[in-house]
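Following are the structures in question.
Here chain A shows up in two complexes: once beside chain B, once beside chain C.
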Partner chain A sequence: MLQDLPRDWFALFGLPVQFEIDQAALTKSFRELQTRYHPDRYAQASEQERRLALQMTSLLNEAYSSLRQPRLRARYLLEQAGVSFNDERDTTNDAAFLMQQIEWREAIEEAEEANEPLEALERLTKDLNTELQSLEQNFASAWQTQAYTAAKTTLLKMRFYERLLEDTQSRLECLEDEL
Partner chain B sequence: MALLQIAEPGMATLPHQHRLAVGIDLGTTNSLVATVRSGVADTLPDYAGQHLLPSVVHYQATTRPQVGWEAKQQALQDPLNTLASIKRLMGRSANDLQTLSGQLPYQLLDAELNVPRIQTSAGAVTAVEVSAEILRVLKERAEASLGGELSGAVITVPAYFDDAQRQATRDAARLAGLHVYRLLNEPTAAAVAYGLDRQDIASPEGKVIAVYDLGGGTFDISILRLHKGVFEVLATGGDSALGGDDFDHVVAEWLLGQASLANTQDAQILRQALVTAREAKEALSNAESTAIQLNEWRGELSRHQLNELIAGLIKKTLVACRRALRDAGLEKTQIQEVVMVGGSTRVVAVREQVGAFFEREPLVDIDPDRVVALGAAIQADILAGNKPDAEMLLLDVIPLSLGLETMGGLVEKVIQRNTTIPIARAQEFTTFKDGQTAMSLHVLQGERETVDACRSLARFSLRGIPPMVAGAARIRVTFQVDADGLLSVSAREESTGVTSSIEVKPSYGLSDAEIETMLCDSMQNARVDMEARRLREQQVEADRVLEALDSALQADGEQLLTVAEREILLTKRTELAAARASGQVNTIHQAIKALEQAAETYVARRMNASVRAAMAGHKVDEFSADTGFNRPCHN
Partner chain C sequence: MAYSEKVIDHYENPRNVGSFNKADLQIGTGMVGAPACGDVMKLQIKVNAEGIIEDAKFKTYGCGSAIASSSLLTEWVKGKTLEQAKQIKNTDIAAELELPPVKVHCSVLAEDAIRAAIADYQSKQQG
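Showing the complex of A and B:
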């Protein structure tokens, strides 16, 4: 009943290997696979089948949530292309970009001190998302032309914006907790 | 029915059997059990026709605890032994309880232990044991009403319950002898009960709904996407220590202030204030103002005043709604339906403000007290295998991030909140000393960055790492969260393939050994129960025999027995009466036998007499029906 699923995330959902993704097709395929493999389908099955179902759906959830997130999808593509990552050391030395990052940090701090900090931080979230989207487009074209070094640099920059978004989010939540 | 189940020759599996499965809503204030019969989910009532079982347990020194309505009635007379709102203590440490202690009229013991115990006249009890008493009653109710042993249950928990609270709930079920198919999140259960997935299926994207669940002690907000039987939770948020109880507390505090009793320590007055506060709150769901009284003080509480008192609490719930929306990546306007669940959504201000926040009228069609149990019953029926063609699938998320302690008391997240479960994530670690064979990990749950601000779940010691130079070992630690939202951890050294042994020290909650001990205790209790029942049975039997003898002697003792014979029977009668008073099961049993033996001749004569009388035109039962003296003895 439970056969081995493909380990490749794109193959798993029957999708072409590329950065642009058909979200609707991904979701449809995810639901179908979940319906078949979810542990709840094996509530009366043997212990071993239940363990397998747990393992399968854990893989499905991991693959689905990663493919839905542009940065994780990008990273997966590069890893599949043989690009290695070192999370401790990988960074960028683009001075202009780093300057920009400092400015963004300042903007976040300012937003926090604003009269309506929640609204200001939420506006900033939108701006950061816009920046992130343009980086995603850069990544897509770099990956398409197999310019993996450039693609990796773009991906590392995406991580910077994600951290800014995480920071904004946690400040928002702290403010909300104080309400 | 059984005759219709004809097995075909050579058929490997038995024809499908309907398994008895229930959904249980183990609530802060009330609990319910529901099941699906003939395709319809319904809650099961007790003998008196009551569906709700108050989640209250009254402990007594010598007898089994009372649970439910009986227990609730003891709350005022015996506040220290009457445990209510115990759900708030599930999976909590003594430290957590310090902050709640002003609200808990109980005597807590062992403040230094992981699991706080409450002193009662029946000894110290944990929240898990108290919850198990409630579950036991619901299990018995279901088995009595369904006529058989349950094969399994789905038990609901607040979506925002953390690992320790979920584990505690599972432990309670184990103590109560329930097989748990699944722990199901309450808002998800409610969404299932409403069946909103069946509407608007024309839309390929499905429908997005919000479930606002404010119970007695917990608050959940869940955002779900429903699509042809698939219930996908997009985000969940809440507060597992916020509910209608808190409304009662702010009103009670106000009440005590008004009655100049703000500093009273009297447990009875505090309980009375809470009861009065609750009654006033409930009355204000249907009235603009209500008269109240506490001791000599009499006054009035208006709905407007109530709204002001609870405004801060409602605002807290809306903050969580906002956060859940952001986590789901949605705007308020994208929510197509808002479902209200939990008794506390009867409070007018709650309905109004939730409606204003989401800019739409919330759904209140199904009884907010019962909706969760109904949804759980539907899921239990499917998990039991009673609906093999069911398309329903529930995809839930983990409510709080899981992380590991890193250098400097910081927490690194391994699994982010609102990740769909089940999920497994692996993380690699290395040794930092030559020949290092052990390392420890500290697992935490929560959103904050420091260890102190998160909940400590467990400390793991990895042992048996093969000795290597520093940095050479690659220990892969896998965190697995199952469909119940429960975490398990395994570890393996990658370069040698050695599986490290893991020793888990739960920061909160009961260890397996403690659960075993409790199981033994409850089995002993069951033995005590059984003996008590056998004694009761023998006493009833003794009474029956004594009564039968008395009425027989009165009817025909003088005609059918000699004086000497009567003397013997009366001696045996005295002996039985004494035995009955002794409280010894065997003594009573022996005395009944002795009396019955002594009465054999008398019984035979009465039989003959009645036959003769019948032949003479009298009815048989004129002689013996009332006495029933010749019934065989049961062991």
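Showing the complex of A and C:
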């Protein structure tokens, strides 16, 4: 029955409610549900069932793409715990963190100008991934102990590192195109 | 997304890019970041003995709208008193640059940056 499906994203895929996730199990469960509720299978069903199958497909897609991405998964966990976000108004004024961000940006610019820019940018990518992973670990332990304010602060830092990685990646692609 | 001509103008010819010496007593520094997009903005003001902002500089790592918002703001605050500069609202910046709703947070960033710079300058005078 379509209407009996759980609305909680973790329950939907039969996964425990926690930050650490079994990506393979998530993908497997997603594919199974996607097949089971594919709108084509409801072509002969009632109008109500067809509509529900469509809603289910869009819920599955949203839940899957969010749970796969660590930052969006973290955000969902916090939202479920009652933490609110204001994307337009939330700003960070942690001076030490912002100074560090500017230093990372400068390091990326310098790496691009280095004698071996590909190697330099790849080293930075590795360092940035390490930073991001440590933020993810900090988030997981803060969330576990219900320290939601600390968890939100940590989560908000993740986007900055994603941006640094995106920037590094696009510079790497430009360099590779020139080769 | 289509940027307005004003955004493109500030993005291609940003005004007042650069830095002042943070340690100088005449300088107020404001740094803010937008967690929604990962943009980082540093805005500095140079205040004279009469309490007038005589110069301003910025360094912004972010999208065109964030760069344009900070560039425009540095132009606006020059010649203003600290009190006048505090009155600048993000909505004024967004309206001038014709920012679409999804980019309004870039103007919020600029408003927060100037307030932080003024607060930094004022705390230095008391120290």
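Throughout what follows, the second predicted complex is superposed on the first by the 146 of 179 C-alpha atoms of A that agree within 3 Å, B and C clash if a C-alpha of one lies under 4 Å from a C-alpha of the other, contacts with A are read in each partner's own complex, and residues count from 1 in each chain.
By definition in this document, a contact is a pair of C-beta atoms (placed from the backbone, for glycine too) under 8 Å apart; a residue touches a chain by one contact, two chains touch by 3 or more.
What you see is a predicted model, and the numbers here were worked out from it, not measured in a lab.
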May I ask you to decide whether A:Asp40 touches chain B, chain C, both, or neither, giving the answer as first, second, both or neither?
-> first
Pick one for A:Met99: touches chain B only (first), chain C only (second), both, or neither.
-> second
For A:Leu54, select first, second, both or neither according to whether it touches chain B, chain C, the two together, or no partner.
-> first
Go through the superposed model and pick first if A:Glu176 touches only chain B, second if only chain C, both, or neither.
-> first
When the two structures are overlaid on chain A, which partner does A:Lys157 contact: first (chain B), second (chain C), both, or neither?
-> second
Who does A:Tyr64 touch here: chain B (first), chain C (second), both, or neither?
-> first
Mind working out whether A:Asn138 is in touch with chain B, chain C, both or neither, as first, second, both or neither?
-> neither
Residues on chain A in contact with chain B in one complex and with chain C in the other?
-> none
In their complex, what parts of chain A are in touch with chain B?
-> 24, 31, 34-35, 38-40, 43-44, 54-55, 57-59, 61-62, 64-65, 169-170, 172-173, 176-177, 179
Provide the residue numbers of chain A that touch chain C in the complex, in ascending order.
-> 87-95, 97-99, 101-102, 105, 156-157, 159-164
Chain A-touching residues of chain C, taken from the complex the two chains share = 31-40, 42, 59, 61, 104-105, 108-109, 112, 116
For the chain B and chain A complex, residues of the former touching the latter | 152, 181-182, 204, 227, 230, 232, 315-316, 319, 322-323, 326, 379, 382-385, 391, 393-395, 419-425, 447, 449, 480, 482-483
